[in-house]
Amino acid sequence: MQTHGPEPLAGEGQAGQRTGEVLLDVANISLRFGGVNALTDISFNVREHEIRAIIGPNGAGKSSMLNCINGVYAPQQGAITFRGQTFKHMNSRQVAEMGVARTFQNLALFKGMSVLDNIMSGRNLKIKSNLLWQALRIGPAVREEIQHREAVERIIDFLEIQAYRKTPVGQLPYGLQKRVDLGRALAMEPQMLLLDEPMAGMNVEEKQDMCRFVLDVNQEFGTTVVLIEHDMGVVMDISDRVVVLDYGKKIGDGTPQEVRNNPDVIRAYLGAEASSNPPQGH
Amino acid sequence: QAAEQFVPLLVYRTGQFAPLGIPWADGKQDYLKLVNARDGGVNGVKLTFEECETAYDAAKGVECYERLKTKGTGASGFDPQSTGITFAVTDKAYNDKVAIETPGYGLSQSVDGTVFEWNFPLLGTYWTAADVMLQDIAKKEGGSLKGKKIALVYHDSPYGKEPIPLLQKRAAAEGFEVSLFPVTPPGVEQKSTWLQIRQQKPDYVLFWSAGVMTPAGIREAQASGYPREKMYAIWWAGSDHDVKDIGAGAKGYNAITIHNSAAQDKVHDDLKKFVYDKGQGSGPATSVGTLAHTRGMMISMLQVEAIRAAQEKYGKGKALTSEQVRWGYENLDLTADKLKALGFGEVMRPVKTSCSNHMGTDWARIVQWDGGKWEIKSDWYQADKTHIDPLVKEFSAKYAKDKNVKPRTCG
Amino acid sequence: MFYRENGQFKSSYSADLALFPVAQDRWAMWGLLAVCFVVVPFVASDYVFRAVITPFLILSLAAIGLNILVGYCGQISLGTGAFMAVGAYAAYNLQVRIEGMPLLLSLLGGGLCATAAGVLFGIPSLRIRGLYLAVATLAAQFFVDWFTNRMKWVTNDSSSGSVSVANLQIGGYAFETPVQKYLLCLSIVALFALLAKNLVRGAIGREWMAMRDMDVAAAVIGIRPVYAKLTAFAVSSFIVGLAGALWGFVHLGAWEPAAFGIDKSFQLLFMVIIGGLGSIAGSFFGAAFIVLLPLFLNYVPHWLGLSISTATASHLEHMIFGALIVFFLIVEPHGLARLWSTARQKLRLWPFPH
Amino acid sequence: MGFFLETVFGGLMAGMLYALVALGFVLIFKASGVFNFAQGAMVLFAALAMARYAEWFPQWFGFQSLLLANLLAFAAAVATMVVVAWLIERLALRRLVNQEGITLLMATLGISYFLDGAGQLLFGSATYKIDVGMPKDPMMVLENTFQGGLLLSKEDLYAAMIAAMLVALLTLFFQKTRTGRALRAVADDHQAAQSIGIPLARIWVIVWSVGGIVALVAGIIWGSKLGVQFSISLVALKAFPVVILGGLTSVPGAILGGLIIGVGEKLSEIYLGPFVGGGIENWFAYVLALGFLLVRPQGLFGDKIIDRV
Amino acid sequence: MTEPLSNSPPPLLDVNGIEVIYNHVILVLRGVSLNVPEGKIVALLGGNGAGKTTTLRAISNLLAGERGVVTKGGIRLRGERIENLTPADLVQRGVVQVMEGRHCFAHLTIEENLMTGAYTRSSKGEIAANLEKVYAYFPRLKTRRTSQAAYTSGGEQQMCAIGRALMANPSMVLLDEPSMGLAPQIVEEVFNIVQDLNHKEKVTFLLAEQNTFMALKYADYGYIMESGRIVMDGAASDLATNEDVKEFYLGVGGGERKSFKDVKSYKRRKRWLA
């Protein structure tokens, strides 16, 4: 994306000193579903501009954590502070307005809509013209539509999905759908991007592309990224800090190196072999 | 090429009301066939006809009306077989100059020919029907209704609501009480209605029902112990098929009729001889002579006589326009002798219409189901005009005002 | 071969955002409109206008309204008849109670009242979904049926509960003949179809579709379910109410509550499903299918010179109609509109198979 | 008090009758995820078959016994409904595997038109009689306790008992058999069910046959009450709020829903109706269902509506 | 294309030049041929949209529900043409597919999901044994056995889907992206299970995978697809050492594993090269 996304924050975003203030602080979150403790007393923070990974075995509560931040789930306990504002429970709309975007593990695309419409819908928050103008589609409404369309086209170029613009997303192969999902999130021009297994179901080449997108977004616009991923290669390579969850509890937090050497993490998640040599290649 | 006169037949042989619609439609068609077969048409003018299925649906009825109104030399009057369709085509008929014949249904105020030039509610309306029912009840009660409780259980639609103004007027005048029990169509389940009736114990129940509501109501009356002898049904709820299957359970159930359904007259014999024996009957021979079938034949007969009357004026042996046939409707004069000659002598009362009176006759009588067949229970009553006429005036004046119709003067 | 996009390059986003980006479509559309406004009035008979085209147009409009709700926003409604009734009766009351009320304002006023009713009955949709929501709309249906039957003032104290309107005039111009009425309907339908199309391809349309396809994800990107659903109910009921007013005023002229009964609701739902959920053009296809096919089937025996009884013909008609519905669904579950676009896609590739 | 009890009891009976029709909806929905619009048409078709066979067989085979006629007619009607189910699977459902619910709903609508037409074409559209010897006259109970006693309809009582039996059987079928579980799987995901070897064709024929037989029982009971004619397909409209209230996927829900709707609508009509002009029970049933749904959006016993991301 | 394992017995599954069209117009497979010998593990590799899933659907006859049809070519199982069989018939013949994207029965509990997997099995004892086996493979499922499948995590659902297929005691399994969404440990486990079943119970596998490294590690033979065609095939060990495969599918071009961080505009470079 060559042009303005969200305004780079106070000049500090670029290389050099990468991370800044604490942007998001999660304090003592607990979440239960009936008898299942999905999250137990989880606390961690995310700094501005960093790439923060959340890892953990299946069912550890990673997706649930994102859902709490997003306001999809209401945790029974704990508080979430975003940009200095503290919430017990956030409502999805507020979260979106504050600049948090999100992709989904199980693909929550709008199946009946085209790629273009899916990504355009990410910009709906920014649309100002009212119903009547939209119905008449004259003057400001059209101008607005074109202006957003331009922004979306840049995202489409960036993600290299030009050829599928008008295809209904339901017909795309899985990997491309993941990309559209990312596109929709990017269209919101978020300050913070929550990615739930964005690289599942991709081969190495495609994962590399995806990493590229994530890194570009992170570096060029200073967008903070929270990333859930099972591919340790990716996590180790691109993240700044890693949280490890297991059975709803936090068992590790630190730089990739620290986490990789944490015995709890090795036992619960990585397995002895995986920690000693990266899973991809030899 | 001999002249031909086109008769449109709006019918419903399918849908909710088919059990009534089928014999009715058969009767209408059979009589036209009979006239063609026996008399070679009306003064040599062959009757042609075409059925159009409405399924009792107003929109479909409108489509049928539009489709058939200009056929031949013009449709010779429509019998829409439905109150809803009548409403929908009344205005159109006014513009198209086609007569609408609604024997025993339609708008009660359309008796007034000065306002409703094109409508012919021949033989009776729901107001005359309600009036005659009350007369019969009064007679049973020794002449007066004072202090009685009368319930109206009705199909909750314009059709079922028609008698209400008259009932209320008479109740106020004669000191009896009317209570209203609407039944939401189709009326398959009427327990609450009949529980209320069981609780309030009205002396009589007037039953303005249609279709499946009728057997459901009779069954429920039976199940809640309300005597069927105290029920008076409108003519659309008093056909054979309404009670046949209930048999003894409906014993005592009264219905009003505009004709002697029970009677087998010459027209039935002719029909058998000229139509059914030749294998040209429209329906099963068993339905000939049932109430609905006979009513269908009467309706066609009235139409044929209107055509005949109009031919007297506009030229015998000619095919007439819709507008000309209307004149015939307005100048019907079927005396007892004429009816006898037509084979309807035993079946119905004389009919005479005029510019201001589009009903022609308002006599009716009560029949009762004896568990196996209908029995004539009363002599003919004529509707009491004292309450009906002012109502007709009032309602047709309102209609004229709403619609910007300038009443004609009949002279 | 005939349908090539080659050489048509879009050089601006506004060109790509145009209603019909492909030139052939654009011409076809102008052609169609020209035929409808100029040619049809001269060739069709009164019967065709009154019994075929006018009802088709009005029901198409209602179907568009419903399609917005069901097809675009994913809220199943079985109360369309009720909203049509509200539109019709409200317009009627405006017309008879306010001296000199312009016809167009009455019609629009009918639409607005329907909007209010639609929003009211749409509130449960915030909690209830899918087929369960059908209950809320059915409640609307039966309640309005009852209300129009029971409240005398609704029908201006008409004794029988049926009402009628006469003298349709706009600015002194009377709409009396079938052709005039047809043109009135055509203009209104064309205008509202365009407005509806604009809405569904704009931001609000995307909100509706997002709610339909995946409401949790929609909420996460900042779409307010309350706003999206209620606007869908509002816009939908407005159009449906307007169609209802037209149905009463222009098509029927006089009507009783049964004219807007549950049958109408079902009929309209069938139209949008058969035509194609989430497609404005589909609403027209669906209305054509449901309105015209039975008429057509009705004529077939005549054309073939068969003399079968009315009842048999009518039963056969039902059977064939039912069978055709199933047949079309098998060929294309997403409705006639999708079938049409697949056909177009084939044309585009023709003569190559793929 | 006596009257109140009578009302409640009347409501319970009516509710059972609704439940009987509702059951057909639930069965097919639970087992294939299809909201079967044709249920009303199936009730009509089955009842017509039953009524006409019972009329024809004695004529064709020359016997008199009403019992024999009824038994034969019932057997033949069951066979007819199985054939109908088989045809529906063959000609429609099979080709609509894995389509969305609304498409399938629409297909059942087509089926319903077809059955309406075919039923009346084959069996006629007048009123026909089903006489399975249901008692029609009322009985009085508790005459000493209440003034005037309580009036009960025996016919309703019998019908309610039959409905209860049917429900018990079906509940067992769903809970205890392997097929029951497979049916629920099919409702969730046609394709996945296929992929693990559940033969959709066979399952659907079974389900629609059972649905047809339930329709037949409902048709016999309603038909012996009202006579068999087109209108009995309209009782499906009465069953609709019942299914929704009880939960689309729950057999016991259909019964409980039926009872609640039955009692609710009778009470409302009798105690509320007079104040607003009467005739309210129809919409009141829906409003009642709506009220419950606002508390439990999936109906009383329906499967929870799942939304997860 | 070379005939794989040419001197081995006739293949269990033989796909011959099939062409698949979705929705009457979208041509997705353009003449795909492949062989799966009895008792082997064959991997089907390729990028997004290459047509792997479509190939598997064509084999298991699940295309109809997606409005796809096989328009050319033929598929044989043990020499028998199977295009006209129903998926249920195929399961009867021992071929089960694990669908991409899990497809658990949302309203059924995990255990009920597994039990429906045994629909074609009638022996109670066998079913119980299979259930135990699946629970042994995936202990996580046992702890969640009474949860409705919809409320389990993505990975748990994936395990459930695989376990459900195993409940049918299949002789051949078509696995579509089994590793997707699974934690590395579990991925390892899944492949171990595959190997286990293959060795001990002689189950044949055709597996479509994105995780090329793992797939080639465990498979005997591999096919690589691109845009609806098979572009390369060979023994897994050969493929794993092939330079192109290494570069495009294993991310170890030039012998060195590259950090994900350092890969710059990979796609674009590839396009220039093309």
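Think of it as A, B, C, D and E in the order they're written, each chain with its own count starting at 1.
The working rule: a residue touches a chain if its C-beta (ideal position, glycine included) is under 8 Å from a C-beta of that chain, and two chains touch if they have at least 3 such contacts.
Keep in mind the model is a prediction, meaning the values are calculated, not measured.
Chain with the smallest distance from its CA centroid to the overall CA centroid?
Checking distances from each chain centre to the full centroid gives C.
Using the stated contact rule, I'd like to know whether C-D or B-C comes out ahead in C-beta pair count.
Of the two interfaces, C-D and B-C, more C-beta pairs touch across C-D.
If you average the CA atoms of subunit A and of subunit B, how many Å lie between those two points?
It comes to 74 Å between the two C-alpha centres.
Centroid from C-alpha atoms only, then distance subunit A to subunit C, rounded to Å. What do you get?
41
Using mean CA coordinates as chain centres, what's the gap between subunit A and subunit D in Å?
Between these chains, centre-to-centre, one finds 49 Å.
How many angstrom between the C-alpha centroids of subunit D and subunit B?
Spacing between the chain centres: roughly 36 Å.
Please output the residue numbers of subunit B that touch at least 2 other chains, ranges allowed.
13-14, 22, 156, 182, 184
Going through subunit A residue by residue, note those that touch at least 2 other chains and give them in order.
Counting only residues that touch two or more other chains, subunit A contributes 72, 104-106, 108.
Please set out, as single numbers or ranges, the residues of subunit C touching at least two other chains.
Only 142, 145-146, 149-150, 214, 216-217, 220, 311, 314-315, 318, 333 qualify.
Show which residues of subunit A lie in contact with subunit E when the two form their complex.
33, 36, 56-60, 63, 105-107, 160, 171-176, 197, 200-209, 211-212, 215, 230-234, 237-238, 269-271, 273-274, 278-282
Using the touch definition from the top, list the residues of subunit C that touch subunit D in their complex.
Listed in rising order, the residues are 76, 124, 127-132, 134-136, 138-139, 142-143, 145-146, 149-150, 214-217, 220, 262, 266, 270, 273-274, 277, 311-312, 314-326, 329-330, 333-334.
Once bound in the complex, which stretches of subunit D touch subunit C?
My answer: residues 35, 91-92, 95-96, 99-103, 105-107, 109-118, 120-121, 125, 237, 240-241, 244-245, 248, 276-277, 279-280, 282-283, 286-287, 289-290, 293-294, 297-299, 302, 305, 307-309.
Any idea which subunit C residues touch subunit A in the complex?
Residue positions touching the partner: 13-14, 16-17, 195-196, 198-199, 202-204, 206-207, 209-210, 212-214, 216-224, 231, 235, 278.
Going by the contact rule at the top, pick out the subunit D residues touching subunit B in the complex.
Touch list, subunit D to subunit B: 3, 6-7, 10-11, 13-14, 17, 120, 125-129, 136-138, 151, 153, 155-156, 222, 225-227, 229-232, 234-235, 238, 265-266, 269-270, 273, 277-279, 281-282.
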